[in-house]
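Following this line, the structures themselves.
In the two complexes below, chain A is the common chain; its partner is chain B in one and chain C in the other.
Up next is the complex of A and B:
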């Protein structure tokens, strides 16, 4: 009886760290419930989703204190700490932005309640994933993200959508299976599923067996698949092309950052403070170099803006991984800064891609002359692309600058040549990326076309875009605003 | 007012750009005059600045404001400042910028397409150029440096000639590659240099003045002069110097990284060509003298001979290309490359004369190349054709134009009496003297460089003969009623430039007095610090 009482107390304690997730769960149930009714009011659904995401976000803002000290909850399946709390806030903001993007299309979007419910499910999965300390929990939350994502991909209800969704599903299932196989071998090697525990680390310490290497590599494959890093990126372009625009924007941020979050924890666990028999830093750097190069060079050939952004997101994964590859606490901080900037900028670009799509600009060529008729959207999307390239005076520059400085420092500390190569590839790829990031602005401003009528400046997108652009500039001129906060985050394994 | 004079000079155009944003796009005259007023205001501030500038006082009009201060935990603090000032290196270039931007604005009256966008970009470009000449914080410098790219890209790509797209993208990619090379070194320097004015804690500084002093490097950091890392062939400092050197050499441009320049020039509209040749190229030379050489004096001495040779190659290769050019603007573009080779040669000599010569050459080339490109533009405005072979005997039809071209060609050739002569003679003095004062250049390099003068005479005189003398004749689909002499606006632009080229050729003293203290200190410092670092590492 006392045992049960203890358990209940533990659950009660755990729940106090779990309020935002509960809000999301309530959201899923509410939305599905509303979906059962015959007649729905799209604005109401949108407003409800907005409210719940904002509530979850505000939970973190107002009760930030309780997340500062790491706390194991639910029998050590999850851990609440400020690293994960920061990422969770990003997911909620991404949720808010996605809902705002959907707002313009809420009348056209079929099955809107389910659409929002799946969005909530992915955000919930992402929340759980970055908190997971247990391999089973990692798998479950990853599947929660994946399965909801497979379905959402098809939400444009077109032939393309079905194809993309199916491809995503087939690739994704294989990746999950491989990852699970890796997990099972890790369990066999260590006898524990908690990858932060001393037991897990002790068993892997100095273990020089191929089995360990293969097991960890397989487990990594699952994460790398989720963040669309090369060579596991093949699904991304098809999925991005098929899915509705807000969902693409959402995919390029939430599952990616969630994957990066858990990957950071996992890789540092199997690296065992450099005591591992295998050089994981080398592996991550290699993946990063590969993602950068493959993503950037493939993007050069694209004719469809969504596919272009898909390859861009692959390359950006490379930059995020470069932050992790430094294997320094500062590197993780800079990765978080990069992630935040990336989220804002990516949404900025996608808001306008959606805007242009609604005017019938669906291939790169069709953007010709848009700079005349859509002056402000063209300028704001240009700023977005400049920031993705990483030129001053935008936050993209600051973020890249930070990631590169952590690589410099890591190279200086460890003297590993691969880090120098990563630095060189990263910098050269910035030049390559400029070439395709400027293609849309190139068509909008430089190519001539028969001019249409000018559009109204007072569009909702311009308000949203303006706010995002402001953030992009503010984070360049005052990076301390965000960095000061991130620096207080104490990354613990 | 005195304290913020330099900021006023710097930000007036940006303010004008902001104001212009709110004018309706149809008010074409308004944009022209706003820009002109901004330029004149800048000239006014510049006169005030010159009035209280003291030649021997080193850095002055310094403004120091905190910008980014960020605590990075175990890494210490990262600090970037709004730190600007002006000295004997930047003063001539700022004078040149204000002057050339004014001329470019007058020349922009011919732009009729999308006037609003054009002038706003021109104003932003103005701030970026002057900003990179006065910034003394590396991050701030880099901000302005990169910020030149986008306006320039659009100015070429939107208002340029038939192959504008190819040219603008080539320009952008080359210069971005250059700035990425600079970025790597900037990060490394920031990690290796600390701010000595704050004791007790580790403050990573971007301050170029701090970086230029070897004692401010953190011990055992990657660019520490006393403990530099060996990476492959060279040590980390030598690599960093090479990266900076190539980064700025692309901008300069130095052969073999020059191929973007002729394309960009040929396609750019006239005022943009003027700015490109007169100001943007100078940022490359300025960056070498402000950043690359003083921060890495040991590597400068190590690579000095190499830089001198590259300078000579640029002089001769540029000259040969100019000789074979069929397009008048391309000819002038190649002659620019040739002239910028002298800048490299002068700096590499590491003598006071050579450095004065280099800075003087940057100033003088700014004036002369602006004039040359304006003159090429005059012809293009009339006929849309710049092929040298299509014209002959223009002297009889357009006498004033021919007179102006003769003045500009002779000035560019380095004929005594023009500013180019003073600059080149100084560079040669430095290059010959270098070996005797333990500088890095051998006399043979200087002797080879004189070939450049012969080449310049050859291509200019040959062009004069082909285009302006002999019987009047036009080929292609040019009709003779398209050919008329200079109008009033063109005179307004060309006369001051011609006068300046003459004035600074006959009476160089005022400008040399400004440059000299800097050059002397620069040469002594680089040789002194470089030798001591090489001898006792």
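Up next is the complex of A and C:
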């Protein structure tokens, strides 16, 4: 009986760190329950989702101090620490913003309860993924994200939606099968599934067999697929084109940051604190260079704004990976800063792409002269694109500057040429990205078109857009507000 | 008892066969079968490797979870096949190309 009591106490202790996830689980069950009813009230569903996401977010804000000390929960399957808590807050904010974006379309969106339930499932999966310390947990939460995402891609209920969801499924399930094979090999090499344990590290120490290299590479492939990094990015443009706009904005932030979060931990484990026989820093830098180059140069040729943003998100994962590739604590801090800014800016752009889409602007040429009829949306989307490029006076500049400075420092400390190349490619690609990011603003402001009626300034999108733009400026002028907080985050394996 | 290397060879063979099926076969149902083979290859590996470390059953537990996930993945996959068939009257991915640059 004492054994049982100990177990119950352990679960009780673990649950006290698990409140936000419980809220999300309750959300999934509630929404599916409401979905069974014949008559639904869309505003009620939206409000409920908003409430639950905000509650989960506020849990972290008000009880931040319990997440500061790393704590293993559920028998070491998960670990609650401030690194994961910060990322989890970002996921909740992304959830809130996605629900707000859906607000306008809630009447037209079919199967709204299931739509929100799947959103909750992805956010729950992302929460679990960044906390997981065990390969079982990594696999299950990654599949929770992936399977919900395959379904959610098809939620435009059109020919394109079905095709996008099929492509996502085929690529995704093969990638996760490959990752799983890598995991099984790592288990065979180490005898444990807990990748932060001393046993795992000890068994890999001094191992220079090709088998270890291939196994770890296969495992990495699964994560790199999830963040749409270059050799594994082929699904992104098709999926982004097929999915509804709020979902695209959501996909470009939540699964990506979750993948980066777990990759940061996993790469440290297989790198064995620099003792590994293989140069993992080289591989991450190479992937980062490839993503930057492929993403930016392919984006130059795009005509559809959604596909353009897909390639842009591939290039942005290159920058996020560059923060990881520095292999320094500052690198991880700057990566978190970059991730926060990227999330806000990306949502800013997508809010207005959705706005323009609802007025029938679906290709880049159709944006001609939109600056005259839709003055404020055009100005705000311009600020969004300027920030994505990384020009002052926006937070995008600060974020890119931080990432580059950590790369420069890492290059000085280690003297590895690949880091210098990564820095050079990053700078060159920032210039290239200017050409495609400013194409929509070019059409809206420079190109002439017949004048139409002026639209209402007090639109809901403008309110949301103003808040996001304000954040983008505040983070440029006072980056210390956020960096001061991030610098306190103690990243340990 | 067999030496465990035999099982690992079988796992590697299953994995490669699954990958070849995924790449070569045209129909999406066959591709799904290939994916199942790849997942089961990993299951076999996990259970086999557990023989090396008999003091815990982590590998077998992982295999159980993989089976469950594979089932839900197959269910979603088949649902997507039905949806695609509804719109395109085919389940051959090569003939479905609405989305392109």
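Keep this in mind: the second predicted complex is superposed on the first by the 493 of 493 C-alpha atoms of A that agree within 3 Å, B and C clash if a C-alpha of one lies under 4 Å from a C-alpha of the other, contacts with A are read in each partner's own complex, and residues count from 1 in each chain.
The working rule: a contact is a pair of C-beta atoms (placed from the backbone, for glycine too) under 8 Å apart; a residue touches a chain by one contact, two chains touch by 3 or more.
Just so you know, these numbers come straight off a predicted model, no measurement behind them.
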item	value
First (chain B), second (chain C), both or neither touched by A:445	first
Chain B versus chain C as contact partner of A:437, first or second or both or neither	neither
Partner chain(s) touched by A:425 [first = chain B, second = chain C, both, neither]	neither
Touching partner for A:344 - first (chain B), second (chain C), both, neither	neither
Contacts of A:480 with chain B and chain C, given as first, second, both or neither	first
First, second, both or neither for A:404, with chain B first and chain C second	first
Touching residues (chain side chain A, partner chain B) in the complex	329-330, 333, 386, 391-393, 397, 401, 404-405, 408-409, 411-412, 420, 423, 427-428, 430-431, 434-435, 438, 442, 445-446, 477-480, 483-484, 487
For the chain A and chain C complex, residues of the former touching the latter	135-136, 139-140, 143, 147, 150-151, 154, 158-160, 162-167, 169-170, 173-174, 177-178, 180-181, 183-185, 187-188, 191-193, 237-238, 241-242, 301-302, 307
Sites on chain B touched by chain A in the complex	67-75, 142-143, 146-147, 149-150, 154, 157-158, 164-165, 168-169, 172-173, 176-177, 180-181, 183-184, 187-188, 190-191, 221-222, 229, 231
Chain C - residues contacting chain A, complex	8, 11, 15, 18-19, 22, 28, 31, 35, 38-39, 41-42, 45-46, 48-49, 52-53, 58-59, 61-62, 65-66, 69, 72-73, 76-77, 79-81, 83-84, 86-88, 93, 96-99, 101
